[in-house]
Every structure is written in structure tokens, then in C-alpha cells.
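Dropping the structures in below, format is C-alpha cells.
Both complexes shown next keep subunit A, but they swap its partner, so subunit B is in the first and subunit C is in the second.
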Partner chain A sequence: MSDTETLVRGILDGDRISVSRAISVIENDLYSDRALRILEGINPRTGNAHVIGITGPPGVGKSTLIGAMVPRIAVDDRKVAVVAIDASSPFSKGSILGNRIRMQESLTRHGIFMRSLSSRGLSGGLSFSALGTIKILDAAGFDTIILETVGSGQADLDVMLLASTIVVVLAPGLGDEIQAIKAGIMEIAHIFVVNKLDREGAFQAIKDIEDVLATASQGEWKVPVIGVSASNGDGLDDLNSAIGKHAEYQARHRDRRSSVRMELNLIVESEIMKALRNAIEEDSRVTGIIDDVSSGARDPFQGSRMIMGALSQRIAGKK
Partner chain B sequence: MFKDKPVKVLLAKPGIDGHDRGMFVLARAFRDAGMDVLYAGLLPTPQEVVDTAVNEDVDVIALSLLNGAHLTAFKKVSDLLRKKGIDDIAIVGGGTIPDTDKPKLEKLGISGNYGPGTPLSVIIDHVTKRATESRKKKMGSG
Partner chain C sequence: MSDTETLVRGILDGDRISVSRAISVIENDLYSDRALRILEGINPRTGNAHVIGITGPPGVGKSTLIGAMVPRIAVDDRKVAVVAIDASSPFSKGSILGNRIRMQESLTRHGIFMRSLSSRGLSGGLSFSALGTIKILDAAGFDTIILETVGSGQADLDVMLLASTIVVVLAPGLGDEIQAIKAGIMEIAHIFVVNKLDREGAFQAIKDIEDVLATASQGEWKVPVIGVSASNGDGLDDLNSAIGKHAEYQARHRDRRSSVRMELNLIVESEIMKALRNAIEEDSRVTGIIDDVSSGARDPFQGSRMIMGALSQRIAGKK
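The block that comes next holds the complex of A and B.
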């Protein structure tokens, strides 16, 4: 339908079909020349969007909250995009991308661009396609990009690091409010939200989180805990102003070098993983090693050491 | 062809029709067949269906209606898609569609048009076939 240059021009003009197609190119093959040419072409126009990460355990109401927040964010002609990441089945690799339904009305009314990405179980690949997607939306002139992930596991945490303001959403009655924030999310959250404020235990949950925060060392930014009810609108203005404050704080403290380093790390890591995976798949010796371990002739640790040996030979040989 | 990015399909009922049980059955079946499945939710307008399909860049839109409005509502979706100049997103149909209406839908490029009792495997095969055509067109554009 269109060549790479037309696609790049379309993105820069904010054409949604081009944006959508370009994201597909990134999703289809992360490392194809075409994907890299698109990213190269749009790069000068990136770096302006504010990326808000929304994460939290399943069922706390992240999608509903985004749907309720969008009208508050999409004011003064601000263009908003939503990127939602859903887990795919490890068995069939298929997925049901359901986040849209809970915000559809809001999306339509405010002309929001929304794209769902499914996680293919490969953390590096996911972060890379999320990064590429954000860059495309950024270059297309979206002022705010909301990135939603299910806050479980390292892959999702890595994706969250692409956001400049990270909002962790919890709800009362899950029984794991505190466990959830201990599992590594604590350190990255800029704002905590307790959704479903109308439910029993909400205020206790807020207090519990504040207690945990009080014992942690915090920098200049004091992490707020905000109670909201996405369904009846309580607290949403407070959340919006906290996000705004954090965006200002970020703008003052932005360290270009460190975010560039983070980005480079992410890209290099995912390329290494891809190269290693290919090398392992292609290497004929690996099949023999798997046979040996299956038959009990070797233990898995010996086996993996042999695979590592084969890999380093390949890498050395390629030079 | 679908190794890195599986078939992506949007399920939608573009009209006043709340019978979504069948959609849920299809959503599960498509997912288990390895597809990425989106469901447009209840009562989307044809415009919403097309906007979603474009934003998400799906391979196939699978429409279903049990209220007899398929000739108008399916056509609306097909027209809106064409108006955007998109020819690489396929449309398939299903629901309670009389045999006499099927050729009319086919003429619009809306294929399948399966009725109640159709085995899931038949529907999955058809969606996969149409998705393959779409993906070929999309990849050919590079």
C-alpha cells in the first residue's frame, strides 16, 4: 500500500493509517531493515510526548481508570494515545485483547488512538515493540501517551521504564495490596492509586501503602497515594493534578543522557537475546545436547555449559 | 507468515443486537487457534468498528448480527473501510443470514456468512484463509 518514505511522511503528518501500519511493521519484525528505516526517519521528531505508565494487578480497574481519565487529559486540544499490553496464552500464543471494551466510549468521544500489543512471552521483544510504538506515536504528534500493562513479572516492569510518569494502581480487597508493591513496583512508582474507593477497606489500603512508603527512602519527589473511584469519578481530578505535577517535576529533572542509556541498553539487550535465540535454534549441536540430557547421559547444567561453549565458538567464528 | 505476529481479528456486532454469547465462543476459539482477538464490545457503530480495525491494524473483521440488519450494517462497515482506501483488511460475516442474502454480501467482499451450527474449525479455517490474503497484501506493500 505504501513504501517506507510515504509511511514516514504519513506518521509525521499525524495520519492514523500510517501510524497504525508502521506499528504493524515494528510488531511483525522488530529488526527488519524496514522497521529500522522507519524509526530512523521519525527520530528527529521524537522526544516531546509525555508517557504515562499505568500498571497494577489484574482486576484493579486500570482500563476503566484510563477510560475515566482520558476526558481530563484530552483537554486544550491535547492529543492522547493509549497503548495497552495484554498477556498472550503460553499454549496457543493467542490472546484476547480486552482492554478496549472498558474505555471504548471514551476513546470514540475524544478521538483517542488506541493500540493493543500482545506480549509474546519474550520480554526483550515486548519492550522493543512498545518502545517503537511509543516513538511512532510521539513523532505523529501525540502529546500524551498512556501505556497500560498488567503489573506482573519482570517483562512488564521493563516496559514501565519507558514511561516518564509511572502510576501503580491497586484496589482494596485483593488481599495482596502490600505484596504487590513489594514485588519491585515500589521502587519505580511515582504515584500510587487505590481504585474502587467506594469499597470496604479502601482507606485501610491507602494507609497501608503510606506506611510502606514512610519506611522507604524517597528522593525529592514525594510519592502520593491517591484514592479514586473510576466508576463515579471521585479523586480523578486529584490524580490528574498529581500527574501534571510529576510531569513538571520530570521536565525540570530530566537527564537526557541517562534516559538515552536506558534506551540503548534495552535495544542492545533485546538484540542480543534475539541473536542468541537464533544461534541456539540454528546450531545443530544443540539437538544432540538435548538428546544427551533427555537420556540422562548429561545433567542440564553440563548441557547448558556445552551450549554456551558452542555459542561462543559461533560468535568468535563470525568475527 | 504469522510466526512473529499472529492473525489479528476484530469481532464485532455493528448494530442493535445484544446476543453476544456466540461472540464469546468465537473469541475463545480464535484465541485457542493462536490468534490475537479483539472484541468491539456491545453496540458499536459501524464507524467505531472501522476506527478500531484501522487503529489496531487487524487482518480480518468478523461481523455477526442476529437481527436481520446484516445487509445494511455489514455494508456500512465495508463502505467506510473502502472510503478510507483500505483493501488489506478482510471482512467475514456470520449470524442468521438467509441463503438468498449470501451472494449479495459476497459481492461486497464479505465472505463466510456462516449460520448457527457451523463447526468452529470451518470458521477458523476461513478466517485464517482471509487473513493470509490480507497479510500478503500488507507485506507486499513494503
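The block that comes next holds the complex of A and C.
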């Protein structure tokens, strides 16, 4: 068996070391043939996990909330994995990392699989590595996959679209509850959580969010706003029940075509980006065009059309 | 004259309304033919502006610094434009916006052109719209273009690579000066600024950064660390002089080929993403493949290879 086949076999057997190694392959070598072959190998065994996305601004207590929710989700032998996305900032604060580490220690004690993913400088690649990670965990038999992002940019929010239940966490006193809802979060949130319920302004924050929701056109799923206190446990059962209800709702209404469309888009985008990078590095026609534009012999738009021509031949060769 | 030709003519005449309208075309309809035709039309008149990138974590006083620097840069009839990139957060704080508004009011009073750009939900598109905006301002005769990002994600940092002089701003007491340098900022910074020089820890922060820089292999350009106080003006002349020196250094050492390569990459990426989006929306072969994958008749990897085949034909047709 090839190394890749061994890895695929290990994943399907639920072996955590294989799972970790496979995720590293995807993360480190995003557009490699090996990454795609692993995903292709496990694909028939995917499609069963419930993916819960949890996002919100820094400081609202997402890690604490996840730490408190996981024991409630991991009942009846349900296997749970947590994937923390670190698209955040090249300037990110140490405190975020600290919370993550505390969450990880607590989760690991409970036998929960926990993994951090970073973007490694490839903008746009984060959704693809998150998709790959979800598929690997799904194929390894995890029933619930929790995807956490710090909501610090569009790339973070794009990752949320991979989840079938999206929970947006806010907290009182941040002063941006309403801005958050206005900024396009409304369209993607299935559940709102106001954490730190014991703090001043919590009930006002809940009301503010409900008011905005009331004015928006909603579908059949009515987005609930749930007050919780992750630290003392208040409201966590309500949240768990809302997540369960949304999972049932999704199972009935799931738009398989739209998630397939997104998935195909990500795979094709990755393949093309790989082809483009390779072409710019090594294709002599393309490097010649770059030289011509650099010397002023061609304008960049003429040059880019010529590169597209060369690239289409390379892509066509991959059919 | 077509509407696009009128716009191009207006830009080349330095008409600010045409400049604003053209930037809106790029921003709102990133991958449109019209956006590309505008850029193509103005291209022969670009390549003269000095682009200064200013980045750093929220709260270090970037907007105040820019407000204070601009009158020093806009001497001898130099025309200055400021482009503030808002890739930041869907959850971004109102205070950032407030600082920007104050900066804008101050700049507008001094006749400086100021524009904010947001990512509008298209990850990866930000660099392209920033590139387009720089080209428009360059063609309109602006001598110096200041590009500000809040450094909240990889997309933000990618935009910085469009600048020929990159200034990274930090402040004491954020506790992440050194992390910032470690996180890959080192490679892109040409000048470090420690703002809020009057605060405790400012000189230690300068020393810490200098220590890290001393251990790194640097090229011919020695990265200076400059303490400033944007609010009372201390150090701003030093910063202005360092920016000037770097501009001269860049003029001598400019790697035209590498910036052309990045530019071609962005244009081709935009063109391909446009072709991919269109193909997924409207190409009956592609929508048929999506149907097959949705029904389970094909696996997504087989499906994506077929989409690549269809796409390569569409791209080839654009040659």
C-alpha cells in the first residue's frame, strides 16, 4: 500500500494519528496532488457528520462556551471534534491563544479531538483546508464537528458557510451587537447567543438582536436568541436544544445542491490556483510574458490574456 | 465616447469625481469587463506614484499618525491620496470607524483625497480592488498614495505587498510587539514605528524590536525602528525622512519583475474567478455536473475535473 492509501485506511478506521497526519498534509500542502488523493479516497465515507460553526468577535467567550457545550453534545457515545480556525491576525493577542490552550486541555481530558488550523499565508486557502479537515473527521466517524472562528475577517466568515448550523456568539458591553447583525451576519446565523448573561446590558442586547431579527424577512427557521452564561452553565441546555432542533430542521431542508456547488467551487479553485502558481513559477511561456510586461514591451492586460491562454492549456491537460 | 472612455478621460484629467466613480466600479463589480477596461485604458499613465503601506494592530493610532504625516508629505505641491482598507471584521468596533471619520474630516480639510475600500464579501478580491484603486489614483496624478490596513488578517497583509514602502506601526502596552514581528511581519516591514512614545514601555518596545531585527538577516536596507508621538508630533520628521530614504532606495533597487508578476497574478486570478463563477451559474455542462454530484452519481473530485475541462475551454475562448 502507498503511504497515501495507508493514511486513508487509518482515517476510515478512526485512527487519530492518521487523522492528524492527514490534516497536516492538507494544511501544509494545500494544493498538492497528495492532499486531493486523500480527500478522494475518503470521500465515499463522508456526509454523515453534523458541522456546527461557532463565530463571534474576540472576547465574547467562544472557547469557554465550546468547552462547556462539548460534554452536553458528546452524550450517547457521540464522537465530537473541535476545529479552531486561526485566520485571525498576524498581530493577534496572546490571550486568544491562552483561551484556546485552556479549552484544548479541558477537551483533551474528555477525549475530544481538538485541532487548530491556520491560513499559512494563503488567502483563500483557509476554506479549502477547513473543508478537507471536516471531510477527514467525518470519514473517521466523528458525529459532531465544531468549527470555531474568531470572526476577524471575511475569510473567517467564509469558513462558517461550511457548517450546517451556524451559531453567532456576542456578549453585552462590546457595543457592536447591532453592527454585527447589520454587517451581513444576519444572513448566515441560525442561532444567536448572548454570553455573559450575568453582565449588565445582557438582556438589552438580547432584545436589540430580537428587534433587528423581527424586521428581517426570515424563512421557515426562526432564528432564536439565547442568553447563556458559559461559566456557570445558565442557558446551555437551551442552546443545546436549539442546536438539536436546527440539526433536525437542516436534515429535512438541507440544500444538498448548494453545498455540493460550494464544494466543487473550492476544489476547482484550488486546482486552478495550483495550476496558476506552477505556471508563473515554471512555464517558460508565462515567464517570458512576465519579462515582456516588466520591460514595457507589453501591457499587463495583454500579458494576462496571454497567460490565461497558456493556463487554459495546462488545465485542459488535467481533465 | 462610451461611458467608460469618459471615465478614463476624467481620471487622466485628474477629475476627482471620475476617480471616485471609477473606484466604485472596481469595488462593486470586481470581475466585470468594465472594471478591466478602465484599468486597461489608464494603464499607460501609471507607474509614477509612491505607494506607502501603513499597517498594525487596532489601537496603535494609525489613523492619527496618517493624519499627522500627510501635511509633511503633501509639500511642494505633491498630491497625496489616502486609501483605508476595511478588510477588518464583520464584528469591527465602532471606534475604528470613528477614528477613520476623524481622519477623513482632517484630510478633506487639507484637500487630500481619501477613500475607504471594503472587501464586500469577496475574499481574495481585496488585493485586486486595492491594486485597481492605486492604479486609478496613480493615473490621476497623485504622487503619494497611502494605503492603510488594520492588519486584522492575511488578506490585509496581502494588500500591503502592493506598497513599495511598508510601515508597521506598534505601540507600547499591547504586549504583542514581538509576536507581531515573529508572525511574518519582519519579512515585509521596511520601517517600524513605535507610536505613543510618551507611554510607559515605549523605549523597551523599541529595544525589543531592534533586538529581534538584529538577529534577522537583512538585505542592504537596514530596517529602522522609529519612536513617534503622533499626537504631539515627536519623531514625525524622522519618520518622514526614513520614508523618503526608503523611496530613494526602492527607486534604485526596485524589482520591477516581482511587482509585475504579482500584478499579472492578480489580474489572471480575477479573470479566472470570474470565468469560474459564470461557469457555475450558467454553463449547462457545469450545472449538469453539479446535479450529478448532488445525486451521488459522480464523486466531487471526478466532478471538479470535468468542471476544469469546461472552464479551460471558456478561458481559452477569452484569449
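Note that in this section the second predicted complex is superposed on the first by the 244 of 319 C-alpha atoms of A that agree within 3 Å, B and C clash if a C-alpha of one lies under 4 Å from a C-alpha of the other, contacts with A are read in each partner's own complex, and residues count from 1 in each chain.
Heads up, the rule we're going with is that a contact is a pair of C-beta atoms (placed from the backbone, for glycine too) under 8 Å apart; a residue touches a chain by one contact, two chains touch by 3 or more.
From a predicted model like this one, the values you see are computed outputs, not experimental measurements.
In the superposed model, A:V293 makes contact with subunit C only, not with subunit B. Applying the stated contact rule after C-alpha superposition, one finds that A:I267 touches subunit C and leaves subunit B untouched. Number of subunit A residues touched is higher for C, counting subunit B against subunit C. Looking at the shared chain after the overlay, A:M308 reaches subunit C, while subunit B stays out of its contact range. Contact with subunit C, but none with subunit B, is seen for A:E40 once the two complexes are overlaid on the shared chain. In the superposition on chain A, contact of A:G219 is made with neither subunit B nor subunit C.
When both complexes are aligned on chain A by C-alpha atoms, subunit A residues 88-89, 92-94 touch subunit B in the first and subunit C in the second.
Those residues of subunit B whose C-beta lies close enough to touch subunit A in the complex are 4-6, 27-28, 30-41, 44, 48, 51-52, 54-57, 84-88, 137-139, 141-142.
Residues 1-4, 16-17, 20-21, 23-25, 27-30, 34, 88-89, 92-98, 100-101, 104, 108, 113-116, 118, 120 of subunit A are the ones touching subunit B in the complex.
Contact residues of subunit C toward subunit A in the complex are 36, 39-40, 43-44, 56-57, 87-94, 119, 121-124, 126-127, 151-158, 174-176, 179-180, 183-185, 256-257, 260-261, 263-265, 267-269, 271-273, 276, 280, 289-291, 293-294, 299-301, 303-309, 311-313, 315-316, 318-319.
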